[in-house]
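Next up: the structures, one after another.
There are two complexes below, and they share chain A, which is joined by chain B in the first and by chain C in the second.
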Partner chain A sequence: MTVLTDIFKSTLPPPTRKSERWKYSPISKLLNSTLSTDSSEIDGGFSNEIAPNPVEGLEAYRLVFRNGKFNHSLSDLPIAKGVICMPQSEVSGEDVPEFKNTYSKTEWVGELNESYHQDGLFLKIDRNIKLDRPVLIHHLTDGKDVASFPRHFVRVEEGGEVDVVVWSSSTKNSSGMYNGILEASIAPNATLTLEKVCNEDGKIYHFSHENIIQERDSKFKMHTFTVKGHWVRNELEIISRGKGTDSIFNGAFLPTGNEHVDNHTTMDHTSTDGTSSELYRGIMYGTSTGVFNGKVFVRPDAQRTNAFQQNTNIVADRGASINAKPELEIYADDVKCSHGCTVGQFDLDALFYLKSRGIDEKAAKALLVEAFLADVISSVPCTELREEIMKIYKERHGW
Partner chain B sequence: MLKIKNLHAKVGDNEILNGLNLEVKPGELHAIMGPNGSGKSTLAAVLAGREAYEVTDGMVELDGTDLLDLEASDRAREGVFLAFQYPIEIPGVSNLNFMKAAVNAKRAHQGQPPIKAKDFLAKVKECSSLVELDGKLRDRSVNEGFSGGEKKRNEIFQMAILEPKLCVLDETDSGLDIDALRVVSKGVNAMRSKDRAFIVITHYQRLLDHIIPDFVHVLSNGRIVKSGGKELALELEDKGYDWIKEEQNA
Partner chain C sequence: MKGTEEENLLSEVTEKNYEYGFTTEIESDTIAPGLDESVIRTISKKKNEPDWLLEWRLEAFAAWTKMEEPEWAHVAYEKPDLQSISFYSAPKQKKELASLDEVDPELLKTMDKLGISVEEQKKLSGVAVDFVMDSVSVATSFKETLGELGVIFCSLGEAIQEHPELVRKYIGTVVPQRDNYYAALNSAVFTDGSFCYIPKGVRCPMELSTYFRINQAGTGQFERTLIVADEGSYVSYLEGCTAPQRDENQLHAAVVEIISHDEAEVKYSTVQNWYPGDKDGKGGVFNFVTKRGICHRSAKISWTQVETGSAVTWKYPSCILKGDDSIGEFFSVAVTNNKQQADTGTKMIHLGRRTRSTIISKGISSGESQNSYRGLVQIHPGAENARNFSVCDSLLMTDRCGAHTFPYIEAKTPTAQIEHEATTSKIGEDQIFYCQQRGIEEEEAIGLIVKGYAKDVLNKLPMEFAVEAQKLLTISLEGSVG
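Coming up: the complex of A and B.
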């Protein structure tokens, strides 16, 4: 019998339940499947089900990928001074980015991406340049047993500013694997805003890994929304390399049915005077399963770090569960760190209070959910995106 | 309007109400007093439909409708309102959105379209001035960071907005300063009408100086053990509950 490891060769073994990092997110079902990358020619078509622009009304530059391959005619690239924004397949010479993160050497998933990577975004923002609109990457998986390996590279030079949206979707009958990596480095005083949205139908194993390097006084702000997905693993790794960096990263997930969502985050403070603020909120419906693992390192030299982490989970239905674990390792003495991690139910007192005023159970829960998500969602800078995400959540959960 | 017959209720294995009878007619105001733990708040919660309380016997009817058959939200739409002894804080839900949702839920129940924004605001203005609720409090999250007294005012504000048939006030006076007590009482009195009835739970006669009851009942061990006119409250203030317990045991 052919299995995945016969098709995609690697030196590293696939993760098993024995590894702490993968204990609650087994991938044995994926390993027993036979996937292949899409070898068809790009025909200019996209999908009848899904529009190339997934967020109605959103004014953004756009890079559209289908099964890992760039589609030029559906994309809309910026032409602006001090901005290089193009598919990596078109980058040449000294500009060709060199991925510096070590993910390919430590993880099977990373090695597969390294070996089989396809196209992706190449974005470079020059000194003090602020791009006027967000850059939206839309990746569609369409087909049975498809494996895609997108890979994105972002560099923001000193004082520059850019907002990137990574949106992945797939059609109803699709299956396979999405294995995407994004590497970004943010120069002193530069700002990168990143929104990652997974809204996938069908049965996709979605692995994504963001590796962010922050230099002195840079700002990074990210939202990770798992709007829909059969099996999703979001990995975010932020390394603060210079003093005075600011990192804000929030996430929300509301899996239902037998979906699985895993959020692994790492915040690594290696220099002084950095602040980080992390807020992840989840509501587990149906028989869904979830994982939250939030690592915060404060290295010996990272004095006066201020790190905040909160993860709040509601298990809405009996059959659902989540395994949540904060991991703080603090090696500096002059730091402020706080963290909170809770797994609970809907607040029955609040629910009764709302109902006692005539609001039915469903509407009352919707009010509570909206309030619960507000802190995560309200900080998304782009109104259309915020509204689209809430709209999908609402439709999915019938509020 | 309200008929309670032989009501028995428990929480877990605790029998708390043991055959309670009470009839309230439109326009009437009934005060319920009684020692701590006697079951006053339990009665209020059972009337409002809190699921944790299990009714094991008896009936409760509101204008001929079996209340016990209805969910909490349906009871509210039928006109039951409970002013909580301990109002709940709900971070992230704005007081006004909450009230708008409640008003529209009731209107939908009555086959009416949602309230117009202008009408709603006018109503909010009228009702908040009735209980002198600060505009800032109105706009904040439900009860979040409100002082004890502000929460109680907010309950009466909500009551005024929702115009219920039957108002159950559970120790609305506790936590209120003297001026606030006067304001809240004024609000309640302004809402008294021939079609609306009140059950006012309190420990203190002083509330009943402002809100004059038609009847006063003493609840003890889950049943009403004595009823009388407003003078009964004065007598209780004077003598405490022991004499009633003695009467019971005799």
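Coming up: the complex of A and C.
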């Protein structure tokens, strides 16, 4: 039998249940599948099911990838002074980015991405340039047993500002693996806002890894929404390299059926006076499984760090489960670090209150879910995006 | 705190030598270092054990040889060479002891140095002391009083001789032989420990206490404690440790098993102050302990621990909440100083309906030590309406120490409620300032704040222990604590 490791060779072994980082997210089923990368030469054409612009009414620059390959005709690139925004396959000479993160040296998933990566975004914002619209990367998977390995690179120079949206979708009959990496570095006083949305039909194993490096007084804000996905693993790693950085990263996941959603985050404070705030909320429906693992490191010299982490979960149905592991590793003393993690259910008193005022149970529950998600969703700066995400959540769960 | 003052305090703390570091000279009966099947046969023979127990030990040994030493804990140390330690050491029995007065005067002197006079304790505090000097119990008090109620409190070796049916029924039921590397090792080579049985409906009138000491140079300690509380009974059990100063690392791999039957309650308190090594991290005890209890219907197990000693600690007192409405509790203060490393916490396994657990863990790190909390809260699908509440706080005293939290939360039922929170901070300068304003010296103020910080746990200790625990906290952090 042909297995995945025969097709995609690697020196690192695939993770097993015994690997601490993967103990709640087994991938044995994926390993038994036979996948290949998209080999068609045709540029153009898209699925009938999904529009090239996934967010109605959102005015954004757009890069469309289909099964990992860049699609020119559907993309809309910015032409602005001080902005380089193009597919990596078209970057030449000195500009070709060098990926610095160690993910490809330490993890099987990372190594595969490095060995087989196809294309991705190359975005560079010059000093004090603020891009007027968000840059939207839309990744579509519409093949059977297809593997795609996108790799994106973002650099924001001093004082620059940009908003990037990474949206992945797939058709109902699709299957395979999405293995994407995004590497960003943010120069002093620059700001990067990142929204990552996974809205995939079909049976895709979705691995994504974001590696963010923050320099002095830079700001980073990120939202991770898993609105739909058969098997999803979101990994976010933020390294604060300069003093006074500010990092905000929130996420929401509402798996249903037998879906699996895993959120791994690492916040690494290596310098002084940094602040970080993390909020992840999950509701597990059906027989789904959710995973949350949040790590906060405060290195020996990172004095006056202020780190906060919160993870709130609801197990909604019998058969659903959540595995949460909020971790703190603190090596400096003048710090304020805390985390909170809860597992519970809908507040019965609140439900009763709403029902006693003539709101039926379904609507009442919807209202409570909306309130539960509000803290995460309301901080998304872009209105259209915010509304679209809420809309999909609502349609999905029939509120 | 001002830089220089802090340095002064710090140097005082770090230069503080281990107060209880003295060795008692008693003739010992020690077998040659090393471990193989013949060693296990020798131990079993020396202790005149029945065949089933020897078989049981050999099974454990066979399992152990296939196991690897775990490396997942957040500690770094040189693995002990098991072939260089002696697995059996017993003070030479001179004659049968009828009362404490006949105990070797050397032993009594040791106890005096530790601050506990056995006789005084016997008279004043009503505590029965099963004094374990190295691996064999040499003195047990209050046996008669307990005997009237049907309470069995003796060394495990004695229990194997006199109550083999009880030992056979319960041993290994909570911590199986192949549970983990050190539990398997313990099952193979355990020399002695305590055994305690409380019959149905009996409320044990006094606190049962064992004073463990590691004494013989080059001897690993493999204690095994078995506590069985029958239906509706209650017992409070105390375990305390101090060890003499040594230069080579000593290994301690104990196993504690608790069975709490329907509606029974067991309160297990520990004060642990083994030799932590000197300020450069030389020497010190390795403490790799497996402690676990099982709760049947409406039963309760409460673990309270004050950990100040050992170079490396690896210890997770756990509760399996099997019966409906059962309760598990874990209260812990762990203090690390100099180069100590502690990876400690608890596991609460919820199986029964309406089971409840509470975890309160307070870590205090000083010097260059690393202090980790590692815990697991697991709610199985059948554990409807299970409830857990956890608080893990860490206090950092210097800028070179570390405090870490690794909680695992696994929930598989929609009616479970779990709350976990953790904070890490240093003593607030405003708190110290407030105290100083009111005429309290800085050092005293720090002491006040630390004691207040650990109060939630110290309050759970039995009176006799609370005093000692306070003393240990003070000694461990002397210089920064008043």
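Following the convention adopted for this analysis, the second predicted complex is superposed on the first by the 398 of 399 C-alpha atoms of A that agree within 3 Å, B and C clash if a C-alpha of one lies under 4 Å from a C-alpha of the other, contacts with A are read in each partner's own complex, and residues count from 1 in each chain.
Note that in this section a residue touches a chain if its C-beta (ideal position, glycine included) is under 8 Å from a C-beta of that chain, and two chains touch if they have at least 3 such contacts.
Since this is a predicted model, take the numbers as computed values, not measurements.
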First, second, both or neither for A:A371, with chain B first and chain C second: first
Contacts of A:G358 with chain B and chain C, given as first, second, both or neither: first
First, second, both or neither for A:V335, with chain B first and chain C second: second
Chain B versus chain C, judged by how many residues of chain A each one touches: C
Touched partner set for A:A350, first chain B, second chain C, both or neither: first
First (chain B), second (chain C), both or neither touched by A:S321: second
Chain B versus chain C as contact partner of A:D132, first or second or both or neither: neither
Shared chain A surface residues [contacts with chain B and with chain C]: none
In the complex, chain A residues that touch chain C: 20, 300, 303, 313, 315-345
Chain A-facing residues of chain B, complex: 48-52, 71-77, 81-82, 84, 87-88, 90-93, 97-99, 101-102, 105-106, 109, 141-142, 158, 162
Partner chain B, residues of chain A touching it in the complex: 347-350, 352-361, 363-364, 367-368, 370-372, 374-375
In the complex, chain C residues that touch chain A: 72, 74, 379, 381, 394, 396-426
